[in-house]
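Okay, got some structures for you below.
Two complexes follow with subunit A in common, the first pairing it with subunit B and the second with subunit C.
Up next, the complex of A and B:
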């Protein structure tokens, strides 16, 4: 193999090694971020309760403040809707979040 | 021989991935990138988010690979290295990976819903409900089996618990660095890895020698506390460090196995029924799946695959490397374990004063292993001995033992404290019918602390009072039962929804169901009577769990057979 050819092979090998480590790092980061989002979910649930509590009889801020803040929940409400549909199907999702074996 | 087996293993896995795996992808599932996955179709930036395939692979692999694919093969070495490897390779390629892939893909076609939901839809609602019971039993047994593994290892190698405690301190510091400072992520990662290395070193210089009972008590309180504190304080930074430990451990192990060039001192085959479980002669069939669970096939993978992975899959074609490929990778991890024990286990046990040779390996291996380096400790010491024979021997052997021990301990500990979070949910679902009938009972059992105490308390008590070689197969039985249900669900999905040839899934599904059923009957009839005679309370608790699971298994197969020719309901299809 010529020198140029060898250099190309070494360069390619180094690229592969570099991409392996960067991918590994990304995978780890994603896993970490997922747990933060899980925690955030709980906080969001509380936020929703705070704003919508008056509808269910919970002590809550005055309705006009809730209504004013409500648009910030548009996306979350869609997610809440879907999650409500899937609420009895959360076992697998939890198994995915929390490594068991 | 070590090198040869690694190379043959790689060739088998790569070869069958591109033949059998591809056949499954194109001939059965008919995966096509023209079908948008839920991650794109239902994108919400929260649950449904497409992930890069290699990243999702890493994530999925880290979720499915833990301590179980390491511990199981160590115990299975009693049959000799050929039967152990044969089950890892055969089970992995033809059952476990098929099971994982079908679970992921069925979930993808069901809008990311779980395999439990698919079972309710295609078989019966009762089948879906069974998952809660099986998972709850599995959680109790997994705490029992893993705490027994940890108790044995912590006493056998006092540097490991010490290093683990230092790692916990490091994880707490890392948590502060990541969330309370503005330090760049890369810098905190480097600091985290340095702290991990320091923790391992500190473990070797300051080992903590405590009794087995003391470790069980510590584990009990640890898992209750760890499950109650916010995830970003401990769980998250600790899991982040664990992932690095997993990849480095696997990389060092694979390199050592390739460059070791050692012969095997363990026999290729001992007998069909050597001593494995609780001092009893254990027949290879049907007992093997109870011993090698995760390295070959695991029911929990179906839940993980259909819980989070399927919601992040960017294309249907990415399902094969992730669903099928990650399972093969886990099988490779178990292959490395078999190589390490087959090459170096005998020397370790004879050096520790045990009278064992290749000739009497079948009858002496399990008692000698349990007396010297119980379960995971056998792996960590064989692994270190293997590394010491290669150019990697610049890493001190004591350190390598702790690295391997920490690898197993970290994943086993993670399992122990995360089971509580899952148990709370399963208990809430199981007791739901009581919510209106008896609110007080419902509230009591779903209370955060009570729900945590039940699996932790029963599990730790089982681990403390029962023998490891009895508890491990009981954990395997619950795990394999879930796998059996998930694989039959996958088969129902192929036959009813895809309407392609389901034989590729049906044959392993029936084989698994028959094997697991026979194994549970054998375990309950042969192993548990001895346990009950020696330790009535422990034996009876395990027996009750096994019998209930067996009944559920029979109910399940009846439901499956009754509904097998019925068409799938149309309205629930994604």
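Up next, the complex of A and C:
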């Protein structure tokens, strides 16, 4: 094998190794992001539940706090709605979240 | 600026004493604002003036105001309905937006209106030397005084959860650069998040109010009569105030006559057994409550002027 040929093989091998590690790190990162997102969803859900507790029969803060924050809570309300819709099937919710089909 | 709250059962003479004190302080050369939160609004009657939500000049040093809680509640609700209707503007198509008006009758709105008005007065009327508040009857007064504390607790907890949410969003953003969800960019910094901003404003506002209420510049006075009915209710006020850790400093045994000496002693003893930080003052019966009752010869100012 010529000298140049050897170099090409080494370079190729390095690329493979690099892409292996970068894929691994990407996978790890994605896992972390997914877990954090799940945690965040639950927090958002709790935040709105606490704030709007009177709708579900929980003790609620003074109603004016809810009223003052309501206009900004569109996203959180969507999260709560989705949680409520899927609450009877937590496994499906989880599977859906991790894109398991 | 010093603030004085008059609390007590209905009919014991809160408004009369508040009016008298305001008058005497203003006659001594202080700038005084007297505000009535009592829906019965006796303050105007005592001075023989028609008062409104805006302060009215009586003399160069005395201003009077009647806080209109209905109106304040109305304004607050209108503002928020405005925001809600803007956001849920599609409800207009079905004429459903009128239903938001039902919020006006939700519990706690009156207290909220009172606290907001009080906070506004504290913030805006700093030029006065004294602000004298005539409070509504016991139950509502205690709820109003408790509200800042309750609100602070709630807002603080909500703030902590919100901060955690934002931290999570920040982490996600940092790792993957992905903070756009279904085309919506979610704020992840405290300064960008309108919910956090709103919570911060509420927290600051109520913290200031709470500090004012608890501070050395504030005095809460309880008014009672030398009889047993007023004793029971005054006991509830004293306990309520101590639960809220608010400074009760002066107690007025109002409408005192020498014949009631025995009852008065017993009532005072039961109300303040062995407390020395409350100044108990007997105010003699000074004729019937009527217009002009504020011009009483009994000097109240010495209990409030350092």
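Throughout what follows, the second predicted complex is superposed on the first by the 72 of 101 C-alpha atoms of A that agree within 3 Å, B and C clash if a C-alpha of one lies under 4 Å from a C-alpha of the other, contacts with A are read in each partner's own complex, and residues count from 1 in each chain.
Methods note: a contact is a pair of C-beta atoms (placed from the backbone, for glycine too) under 8 Å apart; a residue touches a chain by one contact, two chains touch by 3 or more.
Not measured: the values here are computed from a predicted model.
S.K.: Tell me the contact category for A:47 with respect to subunit B and subunit C: first, second, both or neither.
M.R.: The second partner, subunit C, only.
S.K.: For A:95 in the superposed arrangement: first (subunit B), second (subunit C), both or neither?
M.R.: After superposition on chain A, A:95 lies in contact with subunit B alone.
S.K.: Going by the contact rule stated at the top, is it subunit B or subunit C that touches a larger number of residues on subunit A?
M.R.: B
S.K.: In the overlay, answer first, second, both or neither for which of subunit B and subunit C A:86 touches.
M.R.: The first partner, subunit B, only.
S.K.: Tell me the contact category for A:63 with respect to subunit B and subunit C: first, second, both or neither.
M.R.: A:63 sits against subunit C, while subunit B stays out of touch.
S.K.: Give one of first, second, both or neither to describe whether A:75 is in contact with subunit B, with subunit C, with both, or with none.
M.R.: Both subunit B and subunit C are touched by A:75.
S.K.: Check the residue A:37 against both partner chains and state whether it touches subunit B (first), subunit C (second), both, or neither.
M.R.: A:37 contacts both subunit B and subunit C.
S.K.: Tell me which partner A:24 touches in the superposition: subunit B (first), subunit C (second), both or neither.
M.R.: So A:24 only meets subunit B here.
S.K.: Return the residues of subunit A at which the contacts from subunit B and from subunit C coincide.
M.R.: Residues common to the subunit A contacts of subunit C and of subunit B are 29-30, 32, 36-37, 39, 75, listed in rising order.
S.K.: Would you mind writing out the residues of subunit A in touch with subunit B in their complex?
M.R.: 23-32, 34-39, 41, 75, 78-79, 82-83, 86, 88-101
S.K.: Enumerate the contact residues on subunit B facing subunit A in the complex.
M.R.: Residue list for subunit B touching subunit A: 42, 44-47, 51-52, 54-59, 62-64, 66-68, 107, 113-117, 131-132, 135, 139, 142, 185, 189, 230-232, 235-237, 239-240, 243-244, 247, 293-294, 298, 300, 302-304, 306-309, 411, 414-415, 418-419, 421-422, 425-426, 429, 479.
S.K.: Under the stated contact criterion, what part of subunit C meets subunit A in this complex?
M.R.: Per the touch definition, subunit C meets subunit A at residues 76, 80, 83-84, 87, 103, 106-109, 112, 147, 150-151, 154-155, 157-158, 161-162, 164-165, 168-169, 171-172, 175-176, 178, 181, 184, 186, 194-195, 198-199, 202.
S.K.: Provide the residue numbers of subunit A that touch subunit C in the complex, in ascending order.
M.R.: Contact set of subunit A toward subunit C: 29-30, 32-33, 36-37, 39-40, 43-44, 46-47, 50-51, 61-65, 67-75.
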